[in-house]
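Here come two complexes built around subunit A, the first alongside subunit B, the second alongside subunit C.
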Partner chain A sequence: MNALLLPLLALPAIGIVSLLLFRRARVLQWLLFLLAAGALVATAALLYGRWELSAGLSLGVATLGFRNTPLGWLFFAFSSGLTLFIALFSLSYNDRRHSSGVAPLWMILLAATMGIFFAGDWIAFLVAWEIMGWTSFFIIAHGRESSFRASIYYYTLSLIGTAALLAALFTVWRLTGTLDLDGSLAALAALWTAQPGAVTLVALLLAVSFLAKSALGPFFMWPALAHAEAPDDFSAYLSGVMIKYGLFALVRLVLPLFGPAYAGATVQGTPVFLYILGWIGGLTAVWGTLLAVRENDMKRMMAYSTVSNMGYILVALSVNTVFGVAAALFHIFNHMIFKGTIFLSLAAVKYRTGERQLHRLGGLAYRMPVTFFAFLIGIIAAAGIPPMSGFASKWMVIQSLFSRRMLLLAVPVLFASTASFMYLYRGLHGIYLGQLSPRFRDVRPAPPLQMLAMLLLMLAVYAVGTFPGLALLPIRDALAGLQEVIGAGGVGSQIPVTLGTIMGVSSRINLTTVSFVFLGSFIGVLVLYLLGKRRSRVEWLDTYTAGEDPAEWNMTPEQYHYAYRFYEPFEKMINPLLERLSLERAYESLARSFRRLSGSVARALSGGGAGVAVALLALAVILIVGVAR
Partner chain B sequence: MHHEILLLALPIAVSFLVPLLARRSAAVARWIAFLAYLAALAYTLALFPSVMASARAVIVAGWLPPLGIALFLSPLSLGAVALVYLIAALTALYNLSSPGENKRPEGGRSARGVALQALFVLGGVGMVLTADLFNAFVFLEIAGISAFALVASGRPLQSGRAAAANVPVTSVEKKSAAAADSKTASAEPPAEAAPSAVSTSGSLRYLVAAQTASLFMLLGIGLLYSATGLLTLPSLVSHPALKSSFGLLTALLLLFPVLLETKIVPLNFWVGRAYAGAPAGFAASLSGIGATAAAVLLLRMLSVMGSGSAFAGTAGELRGVLLLLGSLTVLVGETAAFREADLKKVLAWSSAGQMGVVLVGAALPAGEAAAWVLFFLASHAVAKALLFLLAGFFAARAGTNRWKAMKGLGRLHPLAAGMFTVGALSLMGLPLFAGFWGKLGVLRAVFSSGGPAVLAAAAILLGTVAEGVYFLRIAHSLFEAPEAESGTPEAEREAPTVGSGKPARAPVPAGVLLPALILAAAVLLLGLRPSLAMRVIAPAARELVSPDEQYAQKILPSGASR
Partner chain C sequence: MSVLKSILAGFAAMAVGLFFMGVGRQISARLQRRVGPPLWQPYVDVIKCFARKSTSHHFIMDLGSMMGLAGLVAAATLLPVAGWLPFPSGGPLIVILYLMPIGYLGMAMGVSASGNPLAAIGIGRALTLMVGYEVPFAILLLSIVAAFNTSLLSVMAQVQSGGLGTWNAVRMPLGFIAALIAMQAMLAEKPFDAMIAPAEIASGPMVELGGKFLGMAFLQHAVSIYVVTGLVVNMFLGGAASVPVFFLKQLVLFSLTMGVNGIFARFRIEQATAFLWLSAGSLALVQLVLNLILY
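Take a look at the complex of A and B:
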């Protein structure tokens, strides 16, 4: 029973006990959850550097193997840190009015997450993956019908992904004869010359499964439903940790197939398969941004922003160099932190006001200053503006594209990145700036524990922005072991980085200096502001309708609000494209056809004598045809 | 006298004694049945150690086969018998309680019902224990007739709207199907027939189908006997080969009723109404005992046909057809269950789908999947019984079988709903639960055989996706707040406490809770420690893979077969 196995077993046990015995003791449940998150952080600290550690859970018919690898440790450490901050927030958030009751299931999910990151063989990976699936279904749905619809959408795509994963698992087993993750991948990679079709099939099946989990490509639409309808604190975990599973699995399971042993065609230095994935990532980034611009619901908007960011990460992975993987991991880490900040501040707003629609909010900066700052820092990072952390990782992503001369792919990435400012700023303005509605005149700031969580996250965003090495140095050390697995040698095989500087192909930037320049200017402006002329407080007036009554034009005041459908001209431009290429409609019609098929099958088999006759006839035909050969 | 005959004698005793002793009160009958099954289960478990060491044959009353009855006690048969008695005992426990407002003893609760149920159990136990085809036929008939009577005895629930709710949707569905969207899927159909139409028509369908299939089997037995003079499975193993077309015909005829009992397409048209009309306790037996015993019989027949030289080559020709039928059954079963409004029908079609997986596993060459097929079967029996019992409880509380009307019941009875979810997740094949290992094992065997079996794998995976959606839909709706979702996001999510102003519901009766707890614990235990079951299943699988080893030596002294 070592440090790997103990949390894996203890967490679900505590979760199940909590579910059965502490159903009414809400505070106790969330306190246990906080302790569990703390224990995971402690475990991460314990596990650092002990790369030889492994554990096996024997179940008689199979042994689930777990191994402490640098890559798995990185993801585990990052996600545990974020979970701790979210747990702090959740303890305060889940009071009597807002309690979602998902703490026990969330604890089981934490164990499943650990299992995914530390899986040493395919069966352990599958078990953890599946447990993650069904616990997250119940958490997202949490007993509400509207959330159920979102959750079942997500879970159907997840089931399709699992089917593909199972097919890939068994194919790998048949081809290589081993279930050990690293061993089977190495054996599979060696088969490129002998059986390229089989290896491509495995890669394709795995890619389908993991793209579905990370909402990339044709699976982009589920976060908007699931992240939005999930409990508000869980949305931060969904966007921060859960959506990264697919990308983790891509790095762990798919990239090793395209290492030095790859013997197929390449485009601009990277394998064709990965090149296509890169374009899928780029297009997803653009699509996510366009859809986010249209949104009026703050959580849906941020969910599409997550999809867009996943696109950047996939682009960075597709260049198939160590530098690219480092850029991807750095952006994963940054995204975890800044998206966590954003979603937690949205949760705090929802906690106090109960609103999610942008045009019904406004002016909350004056009532909830810490929440406002958290959101502000978050969106500055999300937009990729220094001195916050998002800049460094986006810069590295684009540098990785430059290292392979993939300039065409940089176009959608830059477009998406720049256009993201449209919706990010709108979110800020719609919620926090502008006029404060009389309804929210008495809104109190977020509770202290929630503010603490947000402050810590803000600090993390700023710290990584100033000292990118805080994240990049561990990443570089983790990737040192992967060098012989991923494209060795050549451009981008080193990750030159110091605590304060990031270096790329075309230039280097000392972010510490940049950050202090920004900080200096901010302080300078603040001083000027304080020394400036006296300010007098003026009562707000409701002036945006200039005395007219919107009802006279058959509009409600809300529809006439400037924030409602803010980007309507832009929407008009892109709507024709979105309408014609609507994947949601395709899925919806597929689901409808299946439902109709189900009804017909049930009716056909329940029909009277005619059905029986047809059935027996069909049987006779099958038997004759099948056996007469 | 051989004491092992108790395994068959106990249910017969129940069915004969109950009408005599329970003239006044059906409760006496129910208690007799429960205690008898409990005793039988204990006896079976006591027999295990000796049988695991060496399988043995029991010749009843000293009459040697082919005239007499020979029972074959092996890990496989005894394991199946233990499972059957477990489910019988738990169902009898369920029948002891009265979970609903139903005062009239219906179905399995009346004395007559108890006697019929005992006969059904006898049929199930017998067809697993016997080594002789004609005995298997007799036991199949016994099970079939008692099932028919029990299905027909199902009474609709007392509340008025239940009368309409139990009527299956027919022409109304057809008209609305064209414009149907998921939200308006199950419109209330007009009551087109009398209240017990479902039970009657379901049982009639089952009767017609089962009797026709039995006729075919009798024909096959006649043909086999005329050609070989043997009817015992072991002797067929060492018999010289029959002419291939003749052997094929006989094999097909013999397989008919077993395939019907295990709900294989296209012989499963009776499934929907029969299950919907059956009382909840019997539905659990039908699925847990009936389908399981028939599946075990099917596996043994297939293993004999596969390796046995009497049917040399038959299994090879049948294999492709059986794979196809199995895949079709999976697809049809899961698809049909998807849109059903009646919870019992959903569970019945889901059973059909799972049996399809069993057939796919059984049809694989060289019995690669034998152990996992058995594990899958066992986990399915346990989980399905759990689901049917809880479905009966929820139906009694909601007053109807429609699962949409059961919305929110989970908040009043969280433990029951939680156990329902456990059963559903196990059937979906999710880890921490028993079904995961079974499905994984079968899929692995399917993938490693390659070739056309991969299509079967695709069917199973597709079925898993559909199954996941409809099971989670039902499981989650139990936990949803029963009031309409208001616009404010801060809807009350905690379970209503007793003092919240709502009338307090009666707690879950012990007769429902206890069996459900035991079955749920079994599901969890098998999921977390599958090796517990493998101790029995591994030798059972060996018996299926190479029947000649076991049979020829253990059963029948040399002078027995002519």
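Take a look at the complex of A and C:
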């Protein structure tokens, strides 16, 4: 048993044991969870560089193969690091009043995550994918009625994804005769001239599965439900790690199909299939942003923001160069840390206030300064503004588009990136600034452990923003082995990067300089500020009201907090568009017809007697036999 | 040395921007048949603001005001003036376009912390308008990349150094018109001044600012005039061979803006955004497609 297999088996075992033994002592469960997260980080350190390591788990009928690859390791290391910060937060968050009791399941999920990243064959990948699906289903539901509905929604999409994945697995086996991931992918990539239709089918089935997981394209709506209803600390994991599985799988399983052996049609140098995916990504980015702008629930807003970020990443992947993949991986990493920071900050707010609606919050920065700064740093990074992380990766996404002259696709990306300022600022204003409600006058700052987790993440966001090489150098090393698998050589086949600089297509930037320029400007302005005459502090209701006293016309701070329907003029502009193109309505009508169908089948089975049942069964048997032959 | 040069660039941006503001006030006054304030009035205003007592609601308000000015000053130090830069950066346009929002968001954060709903309404409008003008401007950036494969301002200026015929304003007239419309909105002049709207929301973001906070807001506006006109000069008017010529080109652009400001009424914010997308946005998009075909 080696370092690869041990956590895969030990984590679920510890999870089940802790579920059975410590049902009354939930703090112990969370302590174990923290230890497990720490152990994963240690495992990541152990596994680094040992790329020959592999393990097999024999289950009698099949053997699950796992292999340590640079790409899998990269995702594993990044996600384990984030998990450790979240575990630190969770230990404090899950006290007597807020405990969700999901720690044992979460430990099994950690093992499944590791399984996905290190899967060496299709069976192992599928098994890990399924375990991930149902553990997260139970975690999102966590014993609440409203959460359960969101969870069903999430699971239905997961099932669609799994069905597509299973179909892809069978097709791959049929075409190549092997279930080994690398072997079958190489065999498939060589089939472009002989059987282009079959390879496209595999790519399509896989894409459906992975787009569903990463909430891309027509699957954009599950995060808003699942992220919002999941336990607050788990939302950070959902948005930070879980939604990236689909993107990881796209890099691992779909991009290699479009390697140098690709012989089909191309648009601007990238395969048609990927070009379409790129536009799906670009439109997802715009769509998620527009939905986030008009959202009044803080967790749903940030969930839509996650959707739009997934869109950018898909755009970068569609370029199909090593530089593009590096941009995608870098944005995945940045999104992990800044969205983790944002969701932890929201969790801390919910922990202290129990509120989620923007217009019912307000002014919390004056009571929870560290939480506020975590959110601020997070949104600066999310907006892609230097000197925080997020700018560099968005810049790389744009540069990767430049390298193929895919400039029209850059338009939706830049639109989404600019419009993201709107909802990010709205969150900042609605939750943390403006008027402090008297209900929250005595709110205390977040507990020390929660603050520690947020501070560490803030530091990471700033450090990567100033020294992008901290993340990009490992990414470059991980991609070194993929040179011959991904895309056409030549343009963007290298990632020229040092600790502070990135060499793009249209220019070269030094993020360290940019960061110091901003810091220097800030110091200069601070001097100006100090030169000015001293300021005095006044209360928040003591504002300009054209000579009226708000108290005299019974104005309370809550009424004075402008947060509800913040962008009403903008909503008026976009609502007709959003309503006309509403996918939810299409899904609802689909659901209605399914209900009718299932109702008539049920009636036929119960009323029509055994004849119909026998006929259906016979049909099924005939189908199975026919396919098997 | 480059630190000293950067400080020089920062102060130059403020000083030149304030001078432009003075000229702008003169133009407005003449259009309204007034005598108008003297050219040095903005300097006097800023100095007076810094010398007056002020009130603040929280240190986040102080921090936000400082972030607001710092973001724009940082952008100004990256702007090539007739090829001159305080340190070798080449004038990265994408970085500048993303550094300016930190100024606006810092300002937004500062005035949000004041708790005045009028300020929040103003910021909401400002950010809506920002989507209106940043998108066309970003498309213009893309069309220049399509033509010359660079996003460095100094290279853009160099490409156009061969006289009037090589200016992008001549080569890409649609893009230049789009840039002028976007610039009008970037500088929040009429018809795109719904976020300030003094008679309606009491100057919006500025409503709670007094003393040195107002002074910093003035300086921020001055630097933004300097940076925005500087961007357009580098992108479309061929940069300049010497610093005075560069400033002169900036001044011509700003005078044009103030002239338009003097004769237009105010758009509502959704009208303004829609107008920007339909006019500047579609012009820029056509230019982008043209450049993709032509170059």
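Just so it is clear, the second predicted complex is superposed on the first by the 567 of 629 C-alpha atoms of A that agree within 3 Å, B and C clash if a C-alpha of one lies under 4 Å from a C-alpha of the other, contacts with A are read in each partner's own complex, and residues count from 1 in each chain.
In the analysis below, a contact is a pair of C-beta atoms (placed from the backbone, for glycine too) under 8 Å apart; a residue touches a chain by one contact, two chains touch by 3 or more.
Being a predicted model, the structure only gives us computed values, none of them experimental.
**Student:** A:600 in the overlay: touching subunit B, subunit C, both, or neither? Say first, second, both or neither.
**Tutor:** first
**Student:** Have a look at where A:23 lands relative to subunit B and subunit C in the superposition and call it first, second, both or neither.
**Tutor:** first
**Student:** After the superposition on A, what does A:61 contact: first (subunit B), second (subunit C), both or neither?
**Tutor:** So A:61 only meets subunit B here.
**Student:** With both complexes superposed on chain A, which partner does A:138 reach: first (subunit B), second (subunit C), both or neither?
**Tutor:** first
**Student:** A:356 in the overlay: touching subunit B, subunit C, both, or neither? Say first, second, both or neither.
**Tutor:** first
**Student:** Based on the A-chain superposition described above, do subunit B and subunit C contact any of the same residues on subunit A, and if so which?
**Tutor:** none
**Student:** So in the complex, the part of subunit A that touches subunit B is made up of which residues?
**Tutor:** Touch residues, subunit A against subunit B: 12, 19, 23, 59-62, 96-101, 123, 126-127, 130-131, 133-134, 137-138, 141-146, 148, 151-152, 155-156, 159-160, 162-163, 166-167, 170-171, 173-174, 350, 354, 356, 591-592, 594-603, 605-607, 611-612, 614-616, 618-619, 622-623, 626-627, 629.
**Student:** Would you tell me which residues of subunit A are touching subunit C in their complex?
**Tutor:** Residues in contact with subunit C: 363, 365-366, 372, 376, 380, 383-386, 391, 395, 398, 402, 405, 407-408, 410-411, 414-415, 418-419, 421-422, 425-426, 428-429, 433-436, 505-510, 513-514, 517-518, 520-522, 524-526, 528-529, 531-544, 546, 557, 560-563, 566-567, 569-570, 572-573.
**Student:** Along subunit B, where are the residues that touch subunit A in the complex?
**Tutor:** 168-170, 173-174, 177, 180-182, 185, 205, 208-209, 248, 252, 265-269, 271-273, 317-318, 320-321, 324-325, 332, 335-340, 345, 349, 411, 414, 418, 425, 428, 430-432, 436-437, 440-441, 443-444, 447-448, 450, 457, 461-462, 464-466, 468-469, 472-473, 476-477, 479-481, 485, 488-491, 493-495, 528-532, 534
**Student:** Mind listing the subunit C positions that touch subunit A in their complex?
**Tutor:** Those in contact with subunit A are residues 3, 6-7, 10, 49-58, 60, 62, 65-67, 69-71, 73-74, 77-78, 87, 89-90, 92, 94-95, 98-99, 101-102, 105, 108-109, 112-118, 120-121, 123-125, 127-128, 130-131, 134-135, 138-139, 142-143, 145-146, 149-152, 202, 207-208, 211-213, 215-216, 219, 268-270, 273-274, 285, 288-289, 292.
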